[in-house]
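Note that subunit A is present in both complexes that follow, paired respectively with subunit B and with subunit C.
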Partner chain A sequence: MSHQIKYQISEREMPKQWYNIAADLQNPPSAVIHPGTMQPVGPEDLAPLFPMEIIQQEVSMERFIDIPEPVRDVLRQWRPTPLHRARRLEKALDTPAKIFYKYEGVSPAGSHKPNTAVAQAFYNKNEGVKRLTTETGAGQWGSSLALAGAMFDLEVEVFMVKISFNQKPYRRAFMESFGAKCFASPSDMTEAGRAILAENPDSTGSLGMAISEAVERCVQRDDTKYALGSVLNHVLTHQTVIGLEAIDQMEMAGEYPDILIGCTGGGSNFAGLCFPFIGQMMRGGDEIDVIAVEPANCPTLTRGKYAYDFGDTAQMTPLVKMHTLGAGFVPPGFHAGGLRYHGMAPLVSQLVDEDIVRPVAYHQTETFAAGVAFGKAEGILPAPEANHAVKAAIVEALKAREEGKAKTILFNLSGHGNFDMAAYQEYASGNLKDEAMNDQEMAMALAGLPKVPEPVAAE
Partner chain B sequence: MSHQIKYQISEREMPKQWYNIAADLQNPPSAVIHPGTMQPVGPEDLAPLFPMEIIQQEVSMERFIDIPEPVRDVLRQWRPTPLHRARRLEKALDTPAKIFYKYEGVSPAGSHKPNTAVAQAFYNKNEGVKRLTTETGAGQWGSSLALAGAMFDLEVEVFMVKISFNQKPYRRAFMESFGAKCFASPSDMTEAGRAILAENPDSTGSLGMAISEAVERCVQRDDTKYALGSVLNHVLTHQTVIGLEAIDQMEMAGEYPDILIGCTGGGSNFAGLCFPFIGQMMRGGDEIDVIAVEPANCPTLTRGKYAYDFGDTAQMTPLVKMHTLGAGFVPPGFHAGGLRYHGMAPLVSQLVDEDIVRPVAYHQTETFAAGVAFGKAEGILPAPEANHAVKAAIVEALKAREEGKAKTILFNLSGHGNFDMAAYQEYASGNLKDEAMNDQEMAMALAGLPKVPEPVAAE
Partner chain C sequence: MSARLDRRFAMLQQEGRAGLLAFVTAGDPDRDGCLELLRGLPAAGADIIELGLPSKNPWLDGPVIKGAHQRAVAAGGDAHMALDLVRAFRETNQGTPVVAMGYADTLHRHTLNRFFADAAEAGVDAALIVDATGDDWRAWRGQARDHGIPLIPIAHAEDGELGWMRDTFEADGFVYAVASPGKSGGAAPDVAEVAARLQRLRRVTDLPVVCGFGIRSVETAGALAREADGLAVGTAIAERLVPGQGSIPGALAFVTEISGAMREAGGPKAT
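After this line comes the complex of A and B, so read on.
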């Protein structure tokens, strides 16, 4: 009667290289543009922010990049992560679909974020950096970088979006337990923060603002670099350990996904699971319906514009071509803090633009309902971000039931919800709201996009 | 350069039987006494509380007990749990000792508790029970039973110690997300609760009180049974999957523990790791220094009396022989909610009495310091309960350094601290207190123990 529900590969089978999807794209990735010169940025432009190894990875066209041994040494503590068959959920949904999920919540920070935090901390340490600055929304990324900083003996300064800083004091305590410093953003520590506060003293902050502050604090000091938890190519590449492991684990299970699902904020957990599979598809493998799931309140891929934009509010970062709602966009309050970014990873945006990835959006109430149903069946309460992936998986499983097709679905359960019980409490009490912008608000948000001559191809 | 830090056995290697230490004890376990007749209780006395299969396990002398397939099916979601070598902690301590830890925090509730919750839910469901009542301190056990109830479609009512209920609203939200009901104890729903409130309307509750309420709510209804998260023999037996896995994993590592460590509240995580090793020792295996670590604020094993006592405040449970501080004992406030019980598992108590297990006590501030040091080295912030085991492991590792001995230490990291960040916050701010009773207070606490004729041997 027993059937396997977990596909676990050994520590020795953990990937030794990351997968870089740039090598397999039909079209070259768009160049990153310097907003002053409107010319593609070079390594020297990025050197104040990132160590050289990371700058090289950002523009690398190599298909595989070696994972340094000290990085694998830390990752092996919780990797390979398990891949589960959700048999009880299948039964509850009465679906012929086979539902698999890759579970990243077993990491010490409870999500996929440490996969790149550890790598970034290592490269910075290796090039003599003493201190990292970063921003965090709900706290997952800040916690992960704090943890990685402790592993490699680096100072870490985290600018946390003020509303989350106030709502989630335990996230701050977590970061501080690992020795990091955590500040509410906008703060009075930076020009960017002071300018925002001058205009709006009650600003509750945004990821875009926090990025401006973290970047400013970085460039002020020679021994300090900046770390970003999503969006950029190297971050997505570091997350591909997820999908590379999943390929081996699906093989153990004797299955291959027909449908692949990840939630998208900046794009990193989605890319982590999906890019290695998309790479196989682009190199002639089986067709997969790849679904990127975003919140209807921050509909970057489904309603935003594919255009050049700044990564931050204060317009300090280079311009990248991505789906965006405008760098000034502040989404209405909702609980999936990791999905509140105005933009999207350029690589994910390009795949959506090329119709290789299919974006969908759901409202938060329906995603929480999906998360609770998943929890009751599978015993794991997902993070609000991951609830978006769960919702899409359930939708596809029910569609498979209607069609009578035994589809194989694989989604990324990017983190657990143990840090997010306030949101579940609000959901249970019926107080969650589903806000979405109307078309006029959307048009206004997009009106301010910077003008950049197109097309610009990377070298 | 790479060295293994995790010893992971496959799902197929998960134990198929639990280990029951009663089969290997030098002396028979003490009988459980009916407080009315002062005679050993029989199965019929326990039938209102527990399903028959569990009652049989409670008195079983069989060395191994089959784990039902539906129980393994749920456990396999996160089991076998990893066993880690704490190489970075070893380096930080500059010790020749090899430090291993078994990590139970990967379970969906974040601790070892689901190991028995799942088994108990299954046996109850199997015998037609509709509803389970239980108590919880910090919320770990209640969360685990809520989760297990959802897996087997049972209603769950949790009486949560009032001070924790108020301090940890997210724990309640967690339980409710899985469909359980959660009440602050003492409540006005039971005679026991009303009597306590009549005497002290401001009572913040205790585990003993919450047990009284849960037992009362159970015996009122025919379709309802009671579940206990620690102390009893069957609970300890269910936890032995931890140690049975660890035996295989230490073999993979090519090591055998010289020192074995677990923290003790009711005794279940300690027993889970240690009993299978103690069994090997009692059957002629290598000597191990087995250390039970408790809080100095609730020093059951180190300062309590080994005597018959009630399991609960209202004196509704049978009498068991155990180390106890008296059923009326309410420990001073401290954060390791899972270690606040006035008594101790009879099997653990007996092993301490027979000098097979060595008890030690630490104050909470030093345990938090140990937990933070562990977190910075290993990347996992332990639960406050587990910090006691970490502290003892560090003490032993430093002793090994002094003695220049390459001792092998294995401890149980019974849960992560992600739900306990308020306590870490208090520690970081320097506000944690170390209270311990003076001898007079201790004598008073012990003065009220019930008089039971001794010795009484089990049938």
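After this line comes the complex of A and C, so read on.
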């Protein structure tokens, strides 16, 4: 059919395996370091936090990892997600570019996050865990783990970055409806939270702080484990269902991307769409311009340092090599809560460092302008995080028009913005501002990076 | 691109106010009268001059500016005369940017490439083709840029964010936002509506935003001064040049009045 809008594959065609990009990397991934010993961490170091199956996935070098049938069975509730051709957007931009987007907002929580939440809940349940703790920025991840917890009968505790907790009351209601408990972070429930509040009672929180609180709660009880919604290798691997489906769907559409785009907070939705394509490229496939889009106010990839750092503010996590603004960096309170993380997935960082991925940064008001415009054309108001990807897609489509080239662009529309109407309202009323980055604060946070002897190769 | 234009907008931002773009048609009321007017405008308070290229068919203009075109054409006005006037103006003024504003038809008669080259040599700082479609703009922008002349994109209300993104992508100079649809000299714009629209437009482009069409009264100018980086006023000046009804000193006095109101209002709220 010509002028097709949505390219859909059937439940039966849903991927049966995840793709693990570690198998195709030219250089081995950097080791994860124990901050006490400065030696690579072993499985026993991570066991208090994660179930064994997840730990094995974290260090796996297998190219494909089977998706357990119970996980596929839950994913089937909304997967495969549709691939859209943005014909109305193309027309409005008058561009020769062909714009496609993979729409992850059709999941019950409204984003890509349940793809890994379901898998993590399953593995924890399988190993006898009763309770999961986690952090959430925008509320998308907390909602997803709450949902997955309900599916596999696990208790869930969510520490939600305070600014988002206040901006998005309905995210909390969503989590609580699925039986999860949701607390504003920094809270007075943990040592880490109390220490931060003692120093700054008005702290609006950060993902780094919320991780500290969730990890602290986790290690207090034997029946409790911790779940992370992004950054780690296994999370990125779980998200590759997105790209694996997209490869089939692009084939249905008879196209192959020249440009791939995803927004990056911790890197999971970006990796989910892009890694399977990057894998093809690294195994000798067509060149693709792969673009990671981040907020100018939390410019991890474009202005951060590629170095070993802690994943959290209280320095409780192991050290990972990634692009970082410093674990002490608190980004200004802009609206894409899911992109307010000081670090980045080590795998994404490595690909940026190796020039396989090209990072760009945009300011929040221009991303909202892009999101509103996209909504008017395509009928979907994206999550503020996803607006960053939309903005980059529009810029690339306009460039294609300038150059008169019929480029094929594929981006990840990682979530809808239906819980983000407070932000859209502020945008509409003209109250949304682009705060200037405090360069001094950034330099200070970077100066505090831990010293780690290099080089350390993975075992 | 154009140093003079960039400097002027930087100065306006520093002073925290919107600039006044005074539109006059080259050759109105006649060549010498027009030169006198041009020379008087900066002192009267105009920050930028928009010089209209005389056209026999100014189909986007209302009766008042149409009349100005007719007077200018009757006085032998055309693109050549317009550039001559700029040269003469530049003999005594190096600081005030001049934007050549014309219909595609007039420019084509001069041949476009020739026009941009001549305009740059004469001391023109930017060009605006009032009836250019988006496609025209894209096709001609490169030629203008080759001569160091920014071709100003026009943001129409009905285009919305996507249209503005499309039409201002890779532009330079400034963006011209049409305040009220229809012909020049039409109904006064709804200030609140235009203000909201300009705010949306500002998020799509980093360029200065100039608003024009329909700004005739001191009140409207005062109200909109807080929303745009510049306001273009044309009909209200041409009105004061109609022989028998007005005079050059009268027109300049009006420019002083409207510029005073804008300075009093203060600059754009948005960053």
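Throughout what follows, the second predicted complex is superposed on the first by the 452 of 459 C-alpha atoms of A that agree within 3 Å, B and C clash if a C-alpha of one lies under 4 Å from a C-alpha of the other, contacts with A are read in each partner's own complex, and residues count from 1 in each chain.
The rule we apply is simple: contacts are C-beta pairs under 8 Å (C-beta built on N, C-alpha and C of every residue); 3 or more make two chains touch, one makes a residue touch a chain.
Remember, it's a predicted structure, so these values are computed and weren't measured experimentally.
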{"item": "First (subunit B), second (subunit C), both or neither touched by A:44", "value": "neither"}
{"item": "Touching partner for A:287 - first (subunit B), second (subunit C), both, neither", "value": "neither"}
{"item": "Which superposed partner A:94 touches (first subunit B, second subunit C, both, neither)", "value": "second"}
{"item": "Partner, of subunit C and subunit B, that touches more residues belonging to subunit A", "value": "B"}
{"item": "Subunit B versus subunit C as contact partner of A:355, first or second or both or neither", "value": "neither"}
{"item": "First, second, both or neither for A:222, with subunit B first and subunit C second", "value": "neither"}
{"item": "Subunit B versus subunit C as contact partner of A:202, first or second or both or neither", "value": "neither"}
{"item": "Touched partner set for A:439, first subunit B, second subunit C, both or neither", "value": "neither"}
{"item": "Contacts of A:402 with subunit B and subunit C, given as first, second, both or neither", "value": "second"}
{"item": "First, second, both or neither for A:372, with subunit B first and subunit C second", "value": "both"}
{"item": "Common ground on subunit A, meaning residues reached by subunit C in one complex and by subunit B in the other", "value": "372, 376-377"}
{"item": "Touching residues on subunit A, where the partner in the complex is subunit C", "value": "89, 92-95, 365-366, 368-370, 372-373, 376-377, 394-395, 398-399, 401-402, 430, 433-434"}
{"item": "Complex interface listing, subunit B residues touching subunit A", "value": "1-6, 8, 10-12, 69, 72-74, 76-78, 82, 84, 88, 106, 108, 110, 114, 147, 150-151, 169-171, 173-174, 176-179, 372, 375-381, 416, 418-419, 421-422, 424-425, 428"}
{"item": "Interfacial residue positions of subunit C with respect to subunit A in the complex", "value": "134, 138, 160-163, 165-166, 169-170, 196, 199-200, 203-204, 270-271"}
